[in-house]
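Each structure below is given as structure tokens.
Look at the two complexes coming up: chain A is in both, with chain B in one and chain C in the other.
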Partner chain A sequence: MTAYIIRRLLLTAPVVVLLSVIIFVVLYVMPGDVALAVLGQFASPAELAAMREKLGLDRPAVVQYLSWAGKIFKGDFGTSFFYGEGVPVLQTILQRLPVSLQLGASAIVLGIALGLPLGIIAALRRNSLIDLGVTSFAVSGLAMPSFWMAILLILLFAVRLDWLPPSGFVPFAEDPIGNLRHLALPAFVLGVDIAAVVARLVRSEMLEVLGQDYVRTARSKGLREHVVVLRHVLRNALIPVVTLLGLLAGRLVSGSVIIETIFALPGVGQLTVSSLFNRDLPLVQATLFLITMGVVFGNLLVDLAYGYLDPRIRHA
Partner chain B sequence: MIRWYRHLSATGLIVTILATACGGGAAAPTATATKAVAAVAPTATAVVIPRGGTLTLGMIAVAPPLDPDLSRGSNVWEVTNNVYDLLLHLGEDRQVKPHLLESWDLVDGKDYVFHLRKGVKFHDGTNFNAVAVKAKFDRMIKMGALSRARGYLSEPTGAAVVDEYTLKVTLSTPSAALISFLTTMPGFVYSPAALAAQGGEAMEKPVGAGPFRFVELVLDSHITLERSPDYWEKDAAGQQLPYLDRVRYVMINDPTVRLANLRTGDADASLYMRAPEFPRIAADPNLRLVRAALEDPTVELRIWRGHAPYDNRFNIKALAFAIDREAIAQGLYQGAYLPAKGYITPGQWAYDPDFKGYYLDLALSRGFLTEAGNPTGFKSKIEIGAGDLPGLRVAEAIQSQVAKVGIVLDIETVEAAALTKRTQDGSATLVVSRNVGFGPDPAYLMKQPFHTKGGFNVHLGGAGKPYTTPGYDELIDKAGEPRTTAERTQLYREAQRLIFDWGTNRVPIVYGGESLAHRVGVVGGFSFAPGGLLLLHRVWVDRR
Partner chain C sequence: MHSQETAVAASATVPQKNALIAGLRRYSRSPTGLAGASLVLLVFLAAILAPWLAPWDQREVDLLNVLGSPSRAHLLGTDELGRDVLSRVIHGARPALIVSLSAVALAMLIGVPLGMAAGYFRGKVDTVIGRVVDAFLAFPTLILALAVNAMLGAGLVTTIVSLGVASWPGFSRLVRGQTLSLRERDWVTAARALGSNSPRILFLHIAPNLVSVIIVVSSINLAGYILAEAGLSFLGLGVPPPAVSWGRMLRTGYPFLESSFWPAVVPGMAIFITVLGFNLLGDGLRDFLDPRLRQK
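After this line comes the complex of A and B, so read on.
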């Protein structure tokens, strides 16, 4: 297992470097003038040039990249152009992170809690009305744009029924119940997306495992059905679902950008959008880098868990 | 067995359920809401206005700094307006009223002497006096183009303290408009001691002399202000202003969600209501719409004349006479906005009610195309900032309208920062622009885009080349000097006729204005100052 972990870590290193290059290049070639965004439309060419020099944007691209990369590997992501002189962008991001983490975690928990039983039931009741209902739910969850579903849910649960607040955020430490009420709708919108994917995968994996010889053998031994399902079918069907969770990290990030904006949640997703509009380069670079690192290391953890769960993987 | 239900569209099913549940548009008034209206709504006989309470006001996200010279966007001013306070106010009659500046004298036909209000304190306890106002002018002059206020106040070259409450401001050229501009953002005053304490670069935590003092800004979440106990102004009944204890601006970027917050009561009022929402608000008995005067050229076409086809002024006139502004005002804005005629807006004293500007006349348009040498029309493009959906709708409407005379416009959506860069380097062509801004005096909007030395005209004739309309600069320079209002009115109207006859580089499409919706009975006292700034010192809240 140790060799497997070391091998996976070594493979992750070039991915991290490559991603840092991609992030830098994408933002470097992005149209627009950072100095103009900082100074505004009345700035003269001389003032713009002075600002570019101050921000280090007049240096060759390679020098800019090496300088940026060198600093980020030391944990220095620079300071924001907009959110206060001398305020490290890492501090700004870390202030927002709890909101996004709570939203993401709630969505995953909700997604699994909803998707897993639905997938199991659909597989066990194949071709029934229940199966059709679950499949329809999964297709709808995947097909429906999250912003649209969000607006509909706000109109239903906040405006029409007055059960939940339409938007905003209250920290858990300040008001636990208020916190959960504010997160319910956004977490549900993100969670439905995850539940749809999980339900579809669990259903198909379950159906595949149900047809295996060892399941037939288990049944022929006279084991009760729930024992067969839980011990022999579900356990094996869940291995690909674990992999899926790693892949869902990326989906969660893109979803949270939209959901945080609609529900006015002060998280990293909304910060990314506003910093992009502001051309706040250090902040955009830092958020993108940290988000991609989150996805990379999330997938690494999943790979390690996968290796732990399935000996064939770590010995391959 | 035929599994017919397999063919059911699951999406359709869920949509139907949700749509049914959400149907009905405006929510029926609840018992609670109705009771609140009956219990609280102040009548004409009510004298005592309720004091205290917190107002929750929805608005779009505000980006720091909340600095009068460095802030980006008018939404910041909506907040800072209630913190810094203004040197002067503009009354409903569009006349300048004393505020922190009690009176002023014009000296030698050029410079101004300001007489300041005594006994006013900034929120940090320091005195509002001539030293503080001098510091404001000095900083703005030193910052030059970096100061947002400098675009409006280009003439001051220095300020000198005469005594504690008297200040002399020296101008480079005589300016009749300077006083008017002190009624809006350039007239914000702040504590120089607080700025120094914050490092001297930017006012991250605003400290002014306004009715509310700043408490906190949580990015993309909210801003909290609280009543300043030292505020000097009283209402007509002698009650201390402001009435509110606290104001909480909640930042909600999505307009539908902003309105939803209002309907649920999570917000007491919301700024930036859109024209398509007006009928829905009007139909909801719990809500009331408050609109500023329709005085901004809210939507306009900006034209860069350094390259074909707009280097030929007749092509501009052909384009302008092919646009049906009435159809845009009615079709896209449900009649909530007015079709624009001139560049001097109905809210300004120089407004010319008889001026027709450009109007729909296809024969005239074709005539100008012939005069330009392309009688069958021309091909060009119209540029829109990415995500600007209202702007895109205007572009699409114009595209289809001008096609009737053979003008083919391709719509190009450009990322916002990239579009700004194009407008700055002169490579833009034709841009739909919204939220043009308000000038309490025509001097700003009539000078900046059209005068050879105007701040918006730097690249309109090509990269680094302003566009000059023959005879225009002289008229505007004269109109900007201290003269009688009648004389200035005459000069501005003449200047307006000149640029429209010649072919202008800004074609106004509709006049609009700020809007706000609030819950009836729970809050009241809202009104917009001319220019769309929302003053909250007379707003009350009553939750009994």
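After this line comes the complex of A and C, so read on.
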């Protein structure tokens, strides 16, 4: 297992370097003057030149990249153009991170709590009305744009019934009930998307495993059905679901960018969108780098868990 | 001589034609696939026939009929500028399909050759391509597309390029896996033994066997692009006016939700139907093209 972990870490290192290059290229080679975005259209040419020099934009691209990459690997992402003079970008992101983490964790818990039993029941009652219902839910959940579902839920629960707030956020420490009420709709929207993916995968994996010889053997030994399902079927069917959790990280980040914007949640997703609109380069670079790092290391953890659960993987 | 050639050509086309009819018949037996194909066909027809199908000019502003409820004149009501929602939804099918079809073509153009090269040559080529793929896969598609569109400026071409560039690694990884398996098959070994060079093997012996899996994944990816384009437009970074975008319609209709729900709800329904159609089509094609599933 140690050799497997070292091998996976060695494979991740060049990916991290490549990611930093891609982010730099996407943001620096693009047209548009960052100095102009900072100072506004009424700035004089002298002011613009001074700002370019201050930001280091007059240096060759390679020098700029090496300087930026050197700093970020030390944890220095620079200071934001718009969030106060001298405020480190990392501080701004870390302030927003708990909101996104709470939203993401709630969505994952909800998604698994909903998707897992639905997938299992659908597989065990194949071709029944329940199966049809679960499959229809999964297909519809995957096809429904999250922002549309959010709008429909706001219309019903906030506008018509007045049960939940349409937007905004209250920290858990300040008002636990208010916090949960504000997160209910956004977490549900993201959770349904995850539940649809999980239910679909669990159903198909369960069906695959149910047809295996060792399940027939377990049944022929006279084991009770729930023992067969829990001990032999579910355990094997869940291994691919672990991989799915890694893939869901990216889906969740994309979803939260839109959902945080609709529900006015002060998270990293909303910060990413506003920094892109403001052309706040240090903040854009930092959010992109940290989001992708989150996905890379999330996938790495999933790979390691997968290797632990399935010995065939680490010996491959 | 001429009649002989005609006879040979005829004998070759008859079985092909029969196989095509048999294939279509088999596909039409799948309710999922049939439902998906019907929905996709509906959206394509709306896009192609938009000028004739739309009852009103999609850009015609009528400030005396702002946020008008659905009526006989405006079946799905009017938006905040008095424009006919039905006509705008029909016209919105065009940019949605143009963006998604072009983005899938671009993603294939980059991802398929790189995946084939990685899977066929393995070794250093595979390692280098694999790391680049891993790096791009770390970007959630919407995030990378957002960044590119924000930096380059939103537009039809930018949206196509950003979605294509953000999603090619998926194609590359899939094709690599298939190529790794195909290169060990007997007919490839035989071709190599007969002296065929690598490009010849890749194009004549491996590529044709990748077609079915690429078709299935393309169909499912098309659904993803429709959602992503709508998401970009919803955030104000997708296809700009005067083109009609379902995502932008949703965004502009959203503030009036309390008094008039139709300007926001109707375009959402159009996105849902289109994505559902492509997903079901993909499922149907997978069942149809995957012999393992067909035997089951």
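Rule of thumb we're sticking to: the second predicted complex is superposed on the first by the 316 of 316 C-alpha atoms of A that agree within 3 Å, B and C clash if a C-alpha of one lies under 4 Å from a C-alpha of the other, contacts with A are read in each partner's own complex, and residues count from 1 in each chain.
FYI, a contact is a pair of C-beta atoms (placed from the backbone, for glycine too) under 8 Å apart; a residue touches a chain by one contact, two chains touch by 3 or more.
Just so you know, these numbers come straight off a predicted model, no measurement behind them.
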Should the superposition on chain A be reported as showing a clash between chain B and chain C, or a fit?
-> clash
Given the touch rule stated above, what does A:253 touch, chain B (first), chain C (second), both, or neither?
-> second
Does the superposition put A:117 against chain B (first), chain C (second), both, or neither?
-> neither
Would you check which partner chain A:43 touches, where first means chain B only, second means chain C only, and both and neither mean what they say?
-> first
Touching A:274, do we find chain B (first), chain C (second), both, or neither?
-> first
Report for A:14: first if it touches chain B alone, second if chain C alone, otherwise both or neither.
-> second
Name the contact category of A:296: first (chain B only), second (chain C only), both, or neither.
-> second
Thinking of the overlay built on chain A, is A:240 touched by chain B (first), by chain C (second), by both, or by neither?
-> neither
Is A:98 in contact with chain B, with chain C, with both, or with neither (first, second, both, neither)?
-> neither
Figure out whether A:139 sits in contact with chain B (first) or chain C (second), or with both, or with neither.
-> both
Partner touching more residues of chain A, chain B vs chain C, is chain B
Among 328-336, 400-408 or 472-480 on chain B, the segment whose C-alpha atoms clash with chain C after superposition | 328-336
Can you pull the chain A residues that chain B and chain C both touch?
-> 30-32, 139-140, 143-144, 151-152, 154-155, 159, 261, 277, 279
If you look only at chain B, which of its residues touch chain A in the complex?
-> 3, 5-6, 8, 10-11, 13-15, 18-19, 21-22, 24, 27, 30, 61, 63-65, 72, 144-146, 148, 150-151, 199, 201-202, 204, 218-221, 250-254, 256-257, 260-261, 263-264, 266, 414-418, 420-421, 423-424, 455-456, 464
For chain A, which residues count as touching chain B in their complex?
-> 30-33, 36-37, 39-45, 47, 82-85, 92, 96, 127, 129, 132, 135-137, 139-140, 143-144, 151-156, 158-160, 162, 165-169, 261-264, 266, 270-271, 274, 277-279
Under the touch definition given earlier, write down the residues of chain C that touch chain A in their complex.
-> 131-132, 134-144, 146-148, 150-153, 223, 227, 230-231, 234-237, 247, 250, 254, 257-258, 261, 264-265, 268, 271-272, 275-276, 279-280
Give every residue of chain A touching chain C within the complex, in rising order.
-> 11, 14-15, 18-19, 22, 26-27, 30-32, 139-140, 142-145, 147-148, 151-152, 154-155, 159, 250-251, 253-254, 257-258, 261, 272-273, 276-277, 279, 284, 288, 291-293, 295-296, 299
